[in-house]
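Before anything else, here is the set of structures, which you'll find just below.
Common to both upcoming complexes is subunit A, partnered first by subunit B, then by subunit C.
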Partner chain A sequence: MISRLILRLLLLFSTHFIAVVAMSSESKWLVVVHHESALTSLTHKQVMSLFLGRAKFLPSGERARALDFPIGSDVRAGFYQSLTGKNIADIDAYWARLQYSGKASPPVPMSGSDQILQLVGKESSAIAYLPSHLQSQIAEHGLKVVFTIDSQQ
Partner chain B sequence: MKIRQLSHFIFFVTAGGALLLSILFSIAVYFIAQAEAVKDSKTMSNDLISAVNASASAAAFSGNDSVANDVIDGLLSTDLIYSVRFFAYADEVSDGFVVFKETEQAGGGLDDITRELISPFDDDVIGELTVKPNRAWVASEAADRALFLVTMSVTVIFGSSLLAAQVIRILITRPIVKAAKQVNSISLSDDAGIEIPAYLNENEIGALIDCFNTMLYGLHSAILVERSLRTDMEEVQERLEQAKIEAERATIAKSHFLANMSHEIRTPMNSIIGFMDLALESSKLDSDSRQQLEIANHSAQYLMRLINDILDVSKIESGKLELDESPFDLSELLSEIKELMGIKATEKRLDLRLTMPANLSRAYSGDQFRLRQILINLVGNAIKFTQQGTVEINVESGVNDSFTFAVCDTGIGIPEDKIQHILAPFTQVDASITRRYGGSGLGTTISAELIGLMGGELLIESEPDVGSRFYFTISLPPCGTMVISKAIDGKTISSLNHLTILVVDDTNENVKLVKIRLEKQGHTVYQASNGHEALELVQQHPFDLVLMDINMPIMGGIEATKAIRQLAAPICDVPIIAMTANALEEETRTIIAAGMDDVVTKPIDFQRLFSVITNLVPNATLTAYQGEKTQSVDNTQLIDIQFGLATWQDEQGYHKALFNFAENNQSLANQLDALASARDSDGLLNELHKLKGVAANLGCQRLTSICEIFEQDIIESGKGWPQSDLDGLQTCLQKTLDTIHNLPVPQSKEPSSESAVEGSSNTLEKLNQLKVACEKYDPDMAEIAFSELSSSLSGTELIALGTAIKNFDFNLAIRLVDELKHKL
Partner chain C sequence: MKLFVKLGKHFLMSVLIVGVSLSYVYANQNGLKKQDSLMGERWNFRGFGTLGYAQTDKYNDTFFRRDISQDAVRVADDPFLLDSRIGLQVTGELSDHWEVVLQTVLKQKIDTELSDYINIAFARYTNTANWQLTLGRQPFDLFLMSENRNVGYSYDWIRPPVEFYGALPSDSFDGIKISKTWGGFEHDWYWHASVGKMDEGFQLSVPTDTNSFPQELGPISEIRGVESTKIEPIYTTGVTWTSNNWQLHGGVSWLEIEQQLDFANDFSLLVNLFSGLWPDLVNISDQLLGKNQIRHFGLGAKWESGPWKLQSEVSHVDSDRASYQGQRGYFSLSRRYDEWLGYAVLGYANDGSSIEYQAVSELDLPSDPLIQAVLFATQYEIDNRLAALKQNQTSLTLGVRWDFASEKAVKVQCENYWFEGGSNALIDRVNGNYLKDQSQAWCSFAFDWVF
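This part shows the complex of A and B:
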């Protein structure tokens, strides 16, 4: 009986460990803008303000146009987790409150990383985030990294 | 203060106090509730802020003022919040904003409650939210709470009061009311007490009822005591009542006793005085005897006056004395008094003077005897208490027929402080006076009372050792032509015709005295010792006058008079004069009502008796012989003494013959009976003839007639004579014999020897009877035997014998009887 309980506990721990390992594989994020943008780098606060609707303008003075991964995607959840340390449900609740008044302007969801890469390459006011494993494609699409999130840091 | 006022007072004080307290309480409650409400408003405001915190943070973070407005509107939509200020800070990425809103309601806000707004994503403070709780809410909340509290308190207090009242009612009031009912219905006659529920025993009500029961027990005991006391009281009262009745009875008995005693005393006094008068009239007395007799007579008369005085006092005290008003001659009365009292005055060498008005009328109306009594009393006293000088009777006429009579003396006088004293009965000035002067002390009292009855007042002026003046004023109206009943003296009487008079009295001495006095006047006197005998005698013999005693054995005077008045014509008209010692007005009325013509009081005043006789029998001679003219058998006299005397011409001899006849024929009735039953007509005829002859000779007229009729019947019818003849003869014979026994023994010069001779055998027999009675100490029998004896015996021995018997001295009586027998 006791052995079985211990086995179960071991099983629980092992699953948790596996999940952490999986997430940690996505814990490096790159915030990117058009390569011709005046922006060179952003602070963590600035990134948070831009993606959560506090800052309406880029530091360069242009009206900021934040892009998002599709609602419900793991990428999106992972990013906001890494950015705010909060659950994606909290983030969604936040936006829901603001949207209730009708004046909120959350980041525009894209179909996937390809669309984000193309749109940011074309529009100078756009700003988006990418998982670190797509770093190799940044340059080829004319993008530049202005902030990197390394949650393991 | 009364309980009602007290309850009002308590009510107002309590109600006022309660009102004040509840107002204070309500105010306190309100403030407490308000403080609570303020606290609550803060808590609730914080809670509200917390509730909107997430939205507010989001709005502040995103700089979204419309969400902020939503938040503010949400907060203000409650009554709790008065105003909200939303402040989002500005920084390098956001411009920030401020929104302020307040409710349109009046009342204002309380102190600010401020909450910092934290960024939803990190710990930065990005703004603040300030709210003011609504004062109006706090007020209404406080009011609501206070109202609720007060309502609740009132309800609880009211409910618990009701509960308490109910409990008090059930546990206290109800038992008290029940006890009160028991008290109400409790009867003091038993000692039941009040029962109370057991749970009350321990408390104050129980103690109260215990006290009440104790009191009840005390009351019950008190009632028992009172009841027994009342019973005792009733007993005492009953005894008192009884004693009162007995006392009243004793008083009545005393009155009777007094009346009887006065009679009893007057009767012997009457005879004493009478016989002494008689003795003094005799010329045979030597001077010593005369003097002694005079002293005795004087004393007897003094005693008589004393008795009369005492009787007068008792009559005055019982209000029975009445005045007898008749016309009289005042000047003659005064002269008489002067003459009468002059003798006494002369004895004491005093000068008795009389002054009176010269123009006195002949007649005045008044009670002359009482006036005389008063004046004699006063003059007597004046003489008695005066040693030298004068006594003056002064009469003055005043207005309205009034006369003032004054008796003045130069005597010892009366001290001023004793004047009123002497009018009280049995009182003289002081005891030493009684010793020095003697006297009953009644005279002045009686005089004063009599003067009072006459409408005057006895007044006294006196100075010790100088003299006294007793005077009074009474009214004496003159009466013009009325005849004055004057006392007629013996000389006038003696000129009257000789009368046949029957004296009826049970006391032998009285009869003898009257008889002697009347016979001295030349009248013929018969005697009877009771009413029954008198009734018989008046039918046998015509009398001109009957003198009748009232109190007699067998038949009294009243009864006898009534019976006589019922008889046939000539007899019933005989004048009857009552002789009585009870000279009370009431008795006089009874006597007159019985049919008597006049009253003479004992002791008999012969002057008055003679005058009464003269008034009543003016033509005595004519009446005396009228009865003899109409004779029949029934109406014939039993014994015609006149006839007998006329025949015999010798009283002694006639009486002797009568007594002999009676003695010899004692057994005749039996002889006749024997002959009649044997139908011996010849024997009867023989006896009847003999009887007729003797009876005719002796004047036994009825017996003679009956014998004659009987003889005739026998001759005519032989043995068939009617029985009624024999019966009639027997009755008549017995009556005749009885009458002879009752006839008065004629006076003789040697009474004892004479009377001793006549009928000696019969007398001897009676003497023996008397002796037997005396030996038996039987006063009644002795009295009867003596009265029988007294008809056939007389003399001093008899009087002595009578006295002995009356004194119950039977040994002396026996000795006297033996002496009498020896003489026989």
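This part shows the complex of A and C:
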């Protein structure tokens, strides 16, 4: 009984370890908008404000519609770690505070990169992020990159 | 019959357990739906919950509670009730300018009218210049955490520092608020002004002391009535500055408060009968039962950088009342290690509430032993009420939070409290212990999640 429990715990910790390693392997993130958007570039602080709900409008004046990867996904955790330097648990706690006081709503979680590519390609007010290995698909979906985040930033 | 009594006693606990289970199932199902949601969706249904266990009954002469809206005896009987709660929220974005929010929270409260379970119910209009007008039941913007203290997942600890937040029976008020956000991407400002009212129930921890109570009046039973606070009007204004690492907040409020204490009618009768013998009774009655003004000043600061977090708030309350005065504050330091987070919190409350009066023993009393007994009993009750309204204490909390899965965390914390004698607002003490300085330690466990 005890040995089974220990085995389960070891499995749990090893899964966490693999997830962390996989998450940290992505080195670059591309912040993307519709190719007809008036935006040409964003700064690191502007991106942070948009994805943390502190800015509700794009610098071009349009209402910002930020899109997210699924809650609990490694991609999402890696992006926010690179963007803010914070653990995803702190980001989720931050959003819980804003959301349940009725002050702001978090970026809308999508099912994955395919849905993000499609929606940003249709909506001029949408803003999202993608892992850099999807760079080749950005132009073909009608998107453009307005900021690049290195994991070291 | 005994079975029904037992079932009734644990009814709320049963509701909480069933609710927690159902909402957990809902969370798992809804998580999948949300991933398929499209941008055009304007309605959002979400929730939060906490399943907590605290050693509320560790000492049989001292019970602990989270805030003054809780029933100390029920919480001591059912330690799951101290921190456990469930909240559901519906947010509707009606247009680019109008939105509505409805939030209901089920938790242990002394006051159980249906409207008390509605924590938020407001409509908000935002214009293109970021001016906002909010109408309805809405959170106070007075403190850093007054808007989210029900949402355990949103903060590091199991409960917000009780020295600062424990004396507040409610998180929201009914009224109107105008606010404005401005600034750039580097930092922004938020200003608000509001007017409204609040009507909340709370419970005094009136000590039961069979040794001191005059035997001529017979035995006393537990005296734990439901009191109510009517606060109207409440004027507040405040400003918050937020940058990537800092959040600074300052706020002031002015309000008129009237408390309906359970012994009000009896006490008014005593004032009419004996104010000739004991003139200070009139002044005591005014300060305990009259309509009084409170002026509140608060400052808060939060700093986050990488894994480190600091958070502190202080307040000063200037009151015409015999209760809720003085200074309150806390300081918290947290450090994250991946999924783990360790924290330490110092809490402090110095309530200078008091009423100057001439003691009954110093009065020129008539020889009738019954009148003497009544006056001594009255003084005893006054001292009890004053102690039950005061909060002079310091605490040190150490704890660990483990974010073991997405939007789920478990926390374990232990806190040591140092209570000053004659200060009883958040603990329920019996057998005369309220008169003494006292030190107690409690440990708690909580599972927090949002869905």
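The working rule: the second predicted complex is superposed on the first by the 127 of 153 C-alpha atoms of A that agree within 3 Å, B and C clash if a C-alpha of one lies under 4 Å from a C-alpha of the other, contacts with A are read in each partner's own complex, and residues count from 1 in each chain.
Throughout what follows, contacts are C-beta pairs under 8 Å (C-beta built on N, C-alpha and C of every residue); 3 or more make two chains touch, one makes a residue touch a chain.
On a predicted model such as this, the values are computed, not experimentally measured, just so you know.
A.B. asks: Quick one: is A:I71 in contact with subunit B, with subunit C, with both, or with neither? Answer first, second, both or neither.
C.D. replies: Touch status of A:I71: second partner only.
A.B. asks: Would you sort A:K86 into first (subunit B), second (subunit C), both or neither based on which partner it touches?
C.D. replies: Once the two structures are laid over each other on A, A:K86 reaches both partners.
A.B. asks: Counting residues of subunit A in contact, which comes out ahead: subunit B or subunit C?
C.D. replies: C
A.B. asks: Which partner chains sit in contact with A:E123 here, subunit B, subunit C, both or neither? Use first/second/both/neither.
C.D. replies: It touches subunit C, and subunit B stays clear.
A.B. asks: With the two complexes superposed on chain A, say which partner A:M48 touches: subunit B (first), subunit C (second), both, or neither.
C.D. replies: In the superposition, A:M48 contacts both subunit B and subunit C.
A.B. asks: Once the structures are superposed on A, label A:A104 by its partner contacts, choosing first (subunit B), second (subunit C), both or neither.
C.D. replies: A:A104 sits against subunit B, while subunit C stays out of touch.
A.B. asks: Which residues would you name on subunit A as touching subunit B in one complex and subunit C in the other?
C.D. replies: On subunit A, the residues that contact subunit B in one structure and subunit C in the other are 45-46, 48-49, 54-55, 84, 86, 90, 93-94, 97, 100-103.
A.B. asks: Could you pull out which subunit B residues touch subunit A in their complex?
C.D. replies: Listed in rising order, the residues of subunit B that touch subunit A are 54-55, 58-59, 61-64, 66-67, 70, 93-94, 120-122.
A.B. asks: In the complex of these two chains, what residues of subunit A are touching subunit B?
C.D. replies: 45-46, 48-49, 52-55, 84, 86, 90, 93-94, 97-98, 100-104
A.B. asks: Please give the residue numbers of subunit C that touch subunit A in the complex, ascending.
C.D. replies: It is residues 31, 34-39, 41, 44, 46, 48, 87, 89, 91, 93, 96, 101, 103, 120, 122, 124, 130, 138-139, 147-148, 150-151, 153-156, 185-186, 188, 242, 244, 304-307, 336, 338-339, 341, 403, 405-407, 409, 450 of subunit C that touch subunit A.
A.B. asks: What residues of subunit A sit close enough to touch subunit C in their complex?
C.D. replies: Answer in residue numbers: 16, 20, 43, 45-46, 48-49, 54-56, 59, 63, 65, 67, 70-72, 84-90, 92-94, 96-97, 99-103, 105, 108-112, 119, 123, 126.
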